[in-house]
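Next up: the structures, one after another.
Two complexes follow with chain A in common, the first pairing it with chain B and the second with chain C.
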Partner chain A sequence: MLVTEADYLLAAGEKKMKSSESKGAAATREVGNKRSLDIREHVEQDDYRTIGSPFVDDAKMTARNVNVFYDEKQAITNVSLDIGRNEVIAMIGPSGCGKSTFLRTLNRMNDIIPSCRVQGEFALDGEDIYGEEQDTVLLRARVGMVFQKPNPFPKSIYENVAYGPRIHGLAHNKSEMDEIVEDSLRRASLFEEVKEQLDKPGTGLSGGQQQRLCIARAIAVSPEVILMDEPCSALDPIATARIEELIDELKENYTIAIVTHSMQQAARVSQRTAYFHMGKLIEVGDTKQIFTMPAHQLTENYITGRFG
Partner chain B sequence: MDKSQHTDQHTSQRFDAELEALRSSVLTMGGLVERQCRQALEALSKGDGELAGIVARSDREVNSLELQISAQCTDILALRQPAARDLRTVIAIIRLVANLERIGDEAAKIGRKALKLADDAGRNSYCSEPQHMGEGVCSMLRGALDAFARLDVDAAIEVIARDKEIDREFKSLNRLLMTHMMEQPQRVKNLLRINSCARALERVGDHAVNLCEEVIYLVEGNDVRHLSLDEVRRRHGS
Partner chain C sequence: MNNMSKPRSATPTDAIRASLKKRYARERRFQWYGRLAVLTGFVFLFILLADIVSKGTPAFTQHYIKVSVDLDPATLGLPAEPSREQLYSADYLGAIKAGLRAMFPDVSGRKEKQQLYRLLSMGAEYNLRDKVLDDPRLIGHSSEFWLRAHAEAGSYLKGQIPAGSPEADRKVKDLQIAWLDQLRAEGRTESRFNTTFFTQGDSREPEMAGIRVALYGSFFTLVVTFLIAFPIGVSAAVYLEEFAPRNRLTDLIEININNLAAVPSIVFGLLGLAVFINFFELPRSAPLVGGIVLSLMTLPTIIITSRAAIQAVSPSIRQAALGVGASKLQTVVHHVLPVAMPGILTGSIIGMAQALGESAPLLMIGMVAFIMEVPGGVTDPATVLPVQIFLWADSPERGFTEKTSAAIMVLMGFLILMNAFAIFLRRRFERK
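Right, the complex of A and B next:
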């Protein structure tokens, strides 16, 4: 049996925690302690460990002992995870499990939320991305992001893609810029559809095209990692299939981390899958293993649709 | 984790109901096949031609259940996209059902032989020779179906372990019948019929082992087909 008794106890413990958490929060408020991290929480952090293989040999990004708080509420508890080079890792879990929050820590998108506090060590190719000298604009060029809803700028298709390379000074003249724009649109498999209307507004495209435009925009600044936060949730099945096909092609050159609510999508596009539950990273493994033989009862419950 | 509670507690209760219906269809089919085997054995040893005829023709119901269960499995795969344990349940059942259907074929085969033996005036007492072995096989089949119903891996392994004894019995029965053939050449035809009944029973034992292997796959995710008993036990232990 892969599921040990200890794991089962942990699973049971999750439920208990849920009720004790609210009590604990109340107690913290009572003593007026501004520190949201009390001793009790430390103890609980230690009594769980991620099952499976959170670490890989060839990691593009590493995250260690990550804790994230929104004000006093802890959103992520002691998560350690590697993002492997040129692979697609899918992060799944029920709403509020911390998967999107974790994704956003990878390019410091949480910095712009005042109440958010991030602890832990993060490295991109071994370089500390939360270091004092780290330029977040540059970081977000290296670690690009595609969001749930397509959000093209209210500008032309061309300008949408050219914007990033321009502010980063990647093109020295018009013809170089044209090249970057065409290349990015091609890689996002959008060029053929829009080549006659590059001066038309990006917002006039269909939802699926807009999302591919956003991917082209992310690619244009030559990122190393692309983070995708439910990139297909607003798209129809055909547009979704195109994006998934694109993700598969993009992994040749980029490292991709995708958060998705669709388990079938996670199964289709990723090589590794990470399952989050109530702010904890419960299990990480090869996608095939996670979907045929998950080791943790919580993972099994989630992917088989057994959450009440 | 509690193995027996594996079809309930889905968020979608209709999915629970579908899986439960699937499992109960398999158990119905298993029950039919088991009855067929027992009747075939009885018809053979008692020389009951009427019963033999019933068994020989009884695979129609089993066949239609096989089709029905296959359709249920296809529907669940297409409409529910099952994962993990649910996926293994459906995959295991698809293979279980193929084995059950073949057991039904073997029972019908015994029925046909028994019918001929019963009709034959020169019938002899050797017809009850496979009785003991046949009872062993039927109890293996029962054990396999129980293991499936209760999703009990230990019980499944215990049934697999019994197959060796059946094989041994079949070999010695084989030798015994061969000796009779040499002593009584005029009875070779009937002795060959009895031998092929024994052969069919031995095959039923093998299929019962296959059923148990599917139960282990369903519960633990280990594909233990084509492994030795020791290896199966080792994997279960680890």
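Right, the complex of A and C next:
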């Protein structure tokens, strides 16, 4: 399945090259170009409206009119985006475009940065994320996170996974905890590799194993949404493939938002893709559509590698 | 080829090659400076240690002289059936003097007799008394007793008096030396391990003086210091680093903490005197007050090093903990502190070592007193090792010179033990 999607992407690139020759396709492209050029001028303005379909019917999380500032510097400008239930949404864009910042607003990880200021309306199942009654501890238990660099605790593998359930009181006795740990490690497809060394430090694992351990740690508290901030950027292609398979399996039960620099990865694992540029959400749409027929010139430039 | 290269070095490679020799020579020179610096440090350390050890070692031995004492009830001034009190206050000194006179029958004249008696310590009679109290059946018999030698006599027996020095320059007179030589020839002198040094408090007589009061005082003082400074220091560091907002007030607090670390320690002593003794009326000379004063002095060190250690903890661990829904306090207690603990312990041990060697602030709160009773708690009067060293170093008697060095050795041993314990703790935290 992964292979087909990669082929799909390659095919899409070839199609683009050929399409300039074919007359009919050239005509549609002309229209597309014209429209995107118009919008490109609009990008410089604050009231830029995202093209594509930022809203979905069955939204797990919603974000409306989001602005994020680091001191005086604006990192995100007027972004509205829905994250659908049990979907994988990929956020792509050049470095510094605000995709990671946006991801971190979803479970309020930006709170720990003193200079960071967040405006806008956020909701998880219709519940205000930044509301007065919202507890960040509960929120982060419901919206888990996997970070760019594998960051296991300097404790045993078992303790790494058991930590979340323990502080939230999810297990009532040792056997329940063992079950949670084993189940989480299995779902992160790490259990077979580490079952003999659960008491060894998690930091002694390889990079790919550490990242799967971090995923196991995140899913051990049974979150509803998992945010992944470039989870494979520090991993080799084999470890990356395993994580991607894992994301594919996890989407059955979880809603996943993933930030990635790899367009192949976005194409392989996600159903929807959002393209960010300079703090603005340029285009959102079906992954296939974004990678085959991007509506915006910036999106096209980025996915075809013509950017910068 | 181009104008930039000079004619001598045609290509950049040649230029680099030409400069290599110079660069390596500079590096080798630098390494030699480093080695020299380390070597100099070692030499000085070795000289210092060798001096202290060579001067201090004799203090760990004590000479005893075997004297035949007739414990005649008449000499002792005891009735037929003496009570324990009467045994306690009997005239043992008289009996000892009689014994000495019997050993050297040809000594006559007040001055010579005085010199003869001065072969033995003032504490000899207490030695004898204790032996009699242990076994009252000794009364009425004549027995041989090993009695403690006077410090000056001991000094001669240890070979510390250079032969041929003029009599006026030394406290051991020629007559005494003759007697001591005779006693040694008869096998009536013996060198034993000096237990008194570790079991007794201070004394005016060098051979009776011990380090125990100072050792206990230092121990109690440091326990108080640690119990106050460590929790407060670590809590303050955690609060300032993890919870406190960054604003003018916290900036001001930070500057003040840094400045406090540089305040001369005697100022803390004055503060202790004014606040804890005069205002709160806590006991004078007590380890409690000493500990409080030293903890004030140690706090800035612990806070500054703890903050640095907490700052050094990778933010990714904090994010990981927050990411699974740990509260801020849980993040700090479960993840940040255990990782920062080795650094915090290192800082604390530096602060505690400073406190252990501190004497100036303790002089201000009366821990300089002459105390013979071993303290039983933090409110009993005591002194501390550095103050004891200071007191002994100030005493003119030869016997105290070796005691001073010996006390320094004990102080260093204390320090090594403390550091070893801290390293042990740090290893445990690092292994986790």
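Here is the rule we go by: the second predicted complex is superposed on the first by the 261 of 308 C-alpha atoms of A that agree within 3 Å, B and C clash if a C-alpha of one lies under 4 Å from a C-alpha of the other, contacts with A are read in each partner's own complex, and residues count from 1 in each chain.
Methods note: a residue touches a chain if its C-beta (ideal position, glycine included) is under 8 Å from a C-beta of that chain, and two chains touch if they have at least 3 such contacts.
All values derive from a computational prediction rather than experimental measurement.
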Is A:L198 touching the first partner chain B, the second partner chain C, both, or neither of them?
-> neither
Considering only the touch criterion stated at the top, classify A:L103 as touching first (chain B), second (chain C), both, or neither.
-> neither
In the superposed model, does chain B or chain C contact more residues of chain A?
-> C
Which partner does A:Y163 contact after superposing on A: first (chain B), second (chain C), both, neither?
-> second
So, does A:L185 touch the first partner chain B, the second partner chain C, both, or neither?
-> neither
For A:M145, select first, second, both or neither according to whether it touches chain B, chain C, the two together, or no partner.
-> second
Check the residue A:F153 against both partner chains and state whether it touches chain B (first), chain C (second), both, or neither.
-> second
Would you please give the residues of chain A that touch chain B in one complex and also touch chain C in the other complex?
-> none
Spell out the part of chain A that touches chain B in their complex, as residue ranges.
-> 1-3, 8, 263-264, 267, 291-294, 297, 299-300, 303-308
Taking the complex as given, what residues does chain C use to touch chain A?
-> 245-246, 314, 316-327, 330, 334-335, 338-339, 432
Chain B to chain A touching residues, read off their complex | 1, 9-12, 15, 81-88, 220-221
Which part of chain A faces chain C closely enough to touch in the complex?
-> 107, 109, 112, 114, 137-141, 144-147, 149, 151-155, 163-164, 167-168, 214, 217-218, 220-221
